[in-house]
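Letters A, B and C name the chains as they come in the text, with residue numbers starting at 1 for each one.
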Amino acid sequence: MSRAVLVDTPFCLACNACSAECKFENQPPEGLFYTRIDQIELGEYPAVKAEYIKRQCMHCEHPACVSACPVKALHKLPDGPVVYEAERCIGCRYCMVACPFNIPKIDFNARLPVITKCDFCADRQAVGESPVCVRTCPFGALEMGERDELIVEAQARISQSPDRYINHIYGQEEAGGTSWLYLSSVPFTELGLPELGSEPVSELSEKVAIYGTPTALVTVGAALAGVYWVTKRRMEMMTKPVTQDQKESE
Amino acid sequence: MALPNITLSRRQFLKLTGAATAAASTATLGNSLQFLTPVAQAAPLSAEDTILYGVCGVCSMGCAYIAHLRGGRITHLTGNPADQTAEGSLCVKGYSGVRLLYDPDRLKYPMKRTNPEKGVGVDPGWVKISWDEALDLTANTFKEVRDTFGPQAIMLVARTKTWQKHFAQASGTPNHVGHNNTCYTTHDVIWRAMVTGKGKTWTVDYEHSQYILAFGWDGMGKSKNHWGRAVNQALANGARLVVFDPRLSITASKAHEWIPIKPGTDLAALLAMIHVIIDEELYDHEFVNNYTTGFDELKAHVKDYTPEWAAPICEVPAETLARTAREFATTKPAVVAHHKRDAGGPNYTNSWRTAQCFVIMDALVGSLDRPGGHILDRKPKLPGLRDVWEFPDYADTIKGPRIDGLEQFPVLKPLGKGSFSTLAEGILSQSPYPVKAAFFWKHNILSFPNPPRLVEALKTLDFIAVSDVLPTEIVQLADVVLPDNTFYEGSGLNARQYHATYPQVALREPLPPVHDTKSFTSVSLEILKRMGLGEYVPEGMGGKGLTQAELEVLGTTADEIKAQGGIWGEAAPIKPNTEFGTASKKIEFKATLLEENGYPGLPSWQPPRAKSDANYPFHLLIWRRPWDRMTQTQNDPIVSSFCPENRAMLNAARAREMGIAEGDEVWIESLANKIKLKARLTQGIRPDCVAVEHGFGHWSTGLSIAYGKGANDGDLIPTHTVEQQLAAGDPAMSAMMEDVVVKVYKV
Amino acid sequence: MQAPSEQALARPAIYQALVKGLAYPSEEFMAQAQAWQTALTEALETVDLSADQVAAALEESNGDLQALQVEHTRLFINGVPHVLAPPYASVYEDGGQLMGQSAARALRAYQEAGLMLSAAVHALPDHLAVELEFMFYLGREEVEADEQGDAAQADVMRQRSVVFLNECLLPWVPAWRQHVEESARLAFYPALARLAEAWLRTDAEYLTTMKV
């Protein structure tokens, strides 16, 4: 059974307790946060709305980052978290390209630049504790539970308050489903969540890896070769004595 | 420390077995340990997890927490689930408190200054001293000032709580100055006069409201722990939230309607609503008949305050005012949300009248002390000092005139608070007499209107002692620094107040102090003794003694409370009061206490003092980020990264008209001062307003993270003389913090 | 019975001298400063380190106790701007706060060695002076064990010393030393900090070779 979190964005008051406490207890590298609150202004004075949305790794059911990683540094645990082993990471950044939510970040402070991201507090969950953000939120925006039960809960909230919520649970189907599910009172794209079909993004990223890489190697290789030739020519030219005519033409 | 006479010769070095060696001309290093000591028996590795119960002190909500410790250090905090305030949660500020506890900039030892020069940016040249020296120096100086100039020449600038009051009164000074007229005296005076006979109430039953009306209240945006959750619940249960605010606050962003009212005109809107509710007979007849007086006078009084009259004043359509009034009166239960620095707080010259309208509205719809409305605090009756100890009456000098002029405000005076807006002028004009020495606790210069003016005033004093936790600006001006415990390191009991629907008490178990700190309680009592006022410090007097007495009254022990999860008290449903604390025992629409003291008993329209014009076209708005509390939290390395500096927030279209782009440096200038900030453009503010976050502009270089970031909004706010406050005709002595117009222009 | 080597004897003396030198300047210290300096110099000779800079700085200070106290306070306790060179491992290793993992680590090491922090003196476990005092203690116990022929106990002390030095001191003292150099107005504390760092490196090498 997969653990998941329902983010009820109308409840979020942008206090950033989740972001601060995650930073304090999980200690991401300097300058990075594993979770953040985006504040979005919509409309024009005086018809203005402000919305707040917690962003973090979505812990997809079919993670694109897992498929894209050439060294299997990332994998999805059966109970939900998408975790990674920094020691395996070679810093290739395929996962950054593949992730539709722009989540993995490079830790430039590490001796070898490796990626880093929220891991759903997998270690804490393994001993029966809540993720720090879920434990911390004072205002009821985060509810943790079994994924299918949360979907039922989310549907109930929508039914009970149709004026309060858009009739959609983001993450139920998107990208093949995610462990972090969202409710919203405005269209999800306005909150910065990408519009995605229900096809797992990993299939796309596999295509990138299988076809894209060799293609890229060939075309980029050809281009680089071309650049090399031109540069070499230029350098040969430069070492020749410059005639008066050539100088004037430059 | 003395170095024992063990000699070290060139060839034999230190003979550590203690055998005597030939004396030589070299070395005396010593064999002993100073910091470490052998344990009597093998101590268990304290890597185990333990907990301590306590009460958060970052704000006055006082949420009960559970501190989780490993190896003696707090790893994180959680809210106590049994506490009716915390309900198992803290807020972002509360969680951040651990970083205050372990801040390397914390005051660690008593210190004194060696540089006699004082000022902004001046290095005090601190040296560490012993507690004895610090206490003697303070006490002897206070005694000398007292003997030479009289007890009134010493002022205590501190919250008006038990031990602080005792120190001031025992020393004989009338000058116990709290911050309250920058905070909530308007509400306090109105609740005293209309409802309680004492101060305002704090508990609000938002979770059961079905209609929440707010004027400038941003409880959700200030991340008030209980209330954010409660309003969320109410909204999820279909409650309607309507917010009047010149700025789109976080609370306003959650509202069904955000109405950008003209600043300082909420009074007009409210008078119109009261008019509609009475005129259309939408009020709760039963409640009004049984529990109020003065209704007929009120009805006559608001006859001409129509929505059409109010609309051009507030710049809100008349139909909106009328409709809101009808919805408020017919959706039950309904409440006007307020706390401190909303439109009814001491922000404008007319705020006390606005505060009165808040209470009138609640009384008209019958939600006062009823589910869904403001609830009168249910607190246990705990012993005071005189219940526990015998000591002489305080001297009559404590009733004398004050340096802040508070005694000239008779409705406010008995509430025992203070005025920050008049303090600097009082000191500088030596009116009614000179003040020579000060004792500051838990208040900072940056919290005052026009802090530079206060700095000038404080420089005229001979001596300043400060008890505090961080080296804030006031500490930089101190002669003696007395490092205080954080609330984690204190002990005792704390009665629930901000959400107290039934009497409940939280236990405070102390963390062993991280540094060589002492509580204000123990320090102030010691100073009294050394001042020669030992008769006011009978044997055993102190925090622990008071706690013991409190436990006895409750009929329990600390161990018992700990065993029950750190909380004492049995849940009980709210039994509504049918009698109130006024002379008539009813809620008085026309407050006789105000009339008896020369103030009008009913709220009439009065415009705010500051009027925008071509010269000063913008209204100043002051707000706070959710993770900031006054001036204490900007040194937190994590939350300060969310918003490292404050900004001048302007309406985007208006800013573009002025050629100001996002991030441009601008001056904001009032009659008092000017400050420089970068501009932030938003859609969520009236074009005639500029909003600035409070709590920045630290100039204490002792704060490594906060120093130099942003600017202090307070610089823009003028101080007042007592005469100016009296002339304003406000019984609550409001500091009028936002009744300020400014000009904004690019640097 | 194995007589302790010169270096083994000198080590605790050097640590103790550093503890005294880093303490809040007092009248007693100033009165005995010369003797302290001489003892330190002699002990350092066994390891080819010099206390000349420290000596010169002391001379320069001309017995001005208050100046040294102001300097000590601003560098190590509360200063302007901010406490300039906080002498706590946590500040450098654990994100700028006190009582981080480093403090827990040091505390565990003390407990394993049968010690606890004295309640009378308010000091945190990862304060430099406390950590240096611990190294003094271990060195002292090692010498005593050697003199009593308890080679196993001496070994335990050496083992504890090398682990503590590498885990709890060397990782952060260079950063602390840098802060002292950047912020000091007088010469004494930078000289002492440099000496402390040099000594720690020397001692680490020595202890590592001893293990073999």
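Note that contacts are C-beta pairs under 8 Å (C-beta built on N, C-alpha and C of every residue); 3 or more make two chains touch, one makes a residue touch a chain.
The shown structure was predicted, so the numbers you read here are calculated from the model rather than taken from an experiment.
Q: Closest chain to the overall C-alpha centroid, by per-chain C-alpha centroid: which is it?
A: Minimum centroid-to-centroid distance belongs to B.
Q: My parser should flag the chain pair with the most contacts; which pair should that be?
A: B-C
Q: Just how far, in Å, is the C-alpha centre of subunit C from the one of subunit A?
A: Each chain reduced to its C-alpha mean, subunit A and subunit C end up 47 Å apart.
Q: Using mean CA coordinates as chain centres, what's the gap between subunit B and subunit C in Å?
A: Centre separation, subunit B to subunit C: 44 Å.
Q: Taking the mean of the CA coordinates per chain, how far is subunit A from subunit B in Å?
A: Between these chains, centre-to-centre, one finds 41 Å.
Q: For subunit A, which residues are shared contacts with two or more other chains?
A: Counting only residues that touch two or more other chains, subunit A contributes none.
Q: Can you list the subunit B residues in contact with two or more other chains?
A: If we look for residues of subunit B contacting two or more partner chains, we find 99.
Q: Counting only residues that touch at least 2 other chains, which ones in subunit C make the list?
A: Within subunit C, the residues that touch at least two other chains are 95.
Q: If you look only at subunit B, which of its residues touch subunit C in the complex?
A: Against subunit C, the touching part of subunit B is residues 1-3, 8, 10, 13-14, 16-17, 26-31, 33-39, 42-43, 45-47, 70-74, 99, 101-109, 111, 114, 123-128, 471, 476, 481, 513-516, 637, 701-704, 707.
Q: So in the complex, which bits of subunit A are touching subunit B?
A: Touching subunit B: residues 10-11, 13-17, 19-21, 23-25, 41, 43-46, 48-52, 132, 135-140, 157, 161, 164 of subunit A.
Q: In the complex formed with subunit B, which residues of subunit C make contact?
A: 6, 9-10, 12-13, 16-17, 19-20, 23-24, 26, 28, 32, 35-36, 38-39, 42-43, 66, 69-70, 72-74, 77-83, 86, 88, 90-91, 95-100, 103-104, 107-108, 110-112, 114-118, 121-124, 127, 129-130, 133-134, 136-137, 140, 143-144, 147
Q: Touching residues of subunit B toward subunit A in the complex: what are they?
A: So the residues of subunit B touching subunit A come out as 75-76, 78-79, 89-92, 95-96, 98-99, 220-221, 223, 225, 228-229, 232-233, 235-236, 238, 248, 250, 253-254, 258, 260, 626-627, 638-639, 642, 651-653, 682-687.
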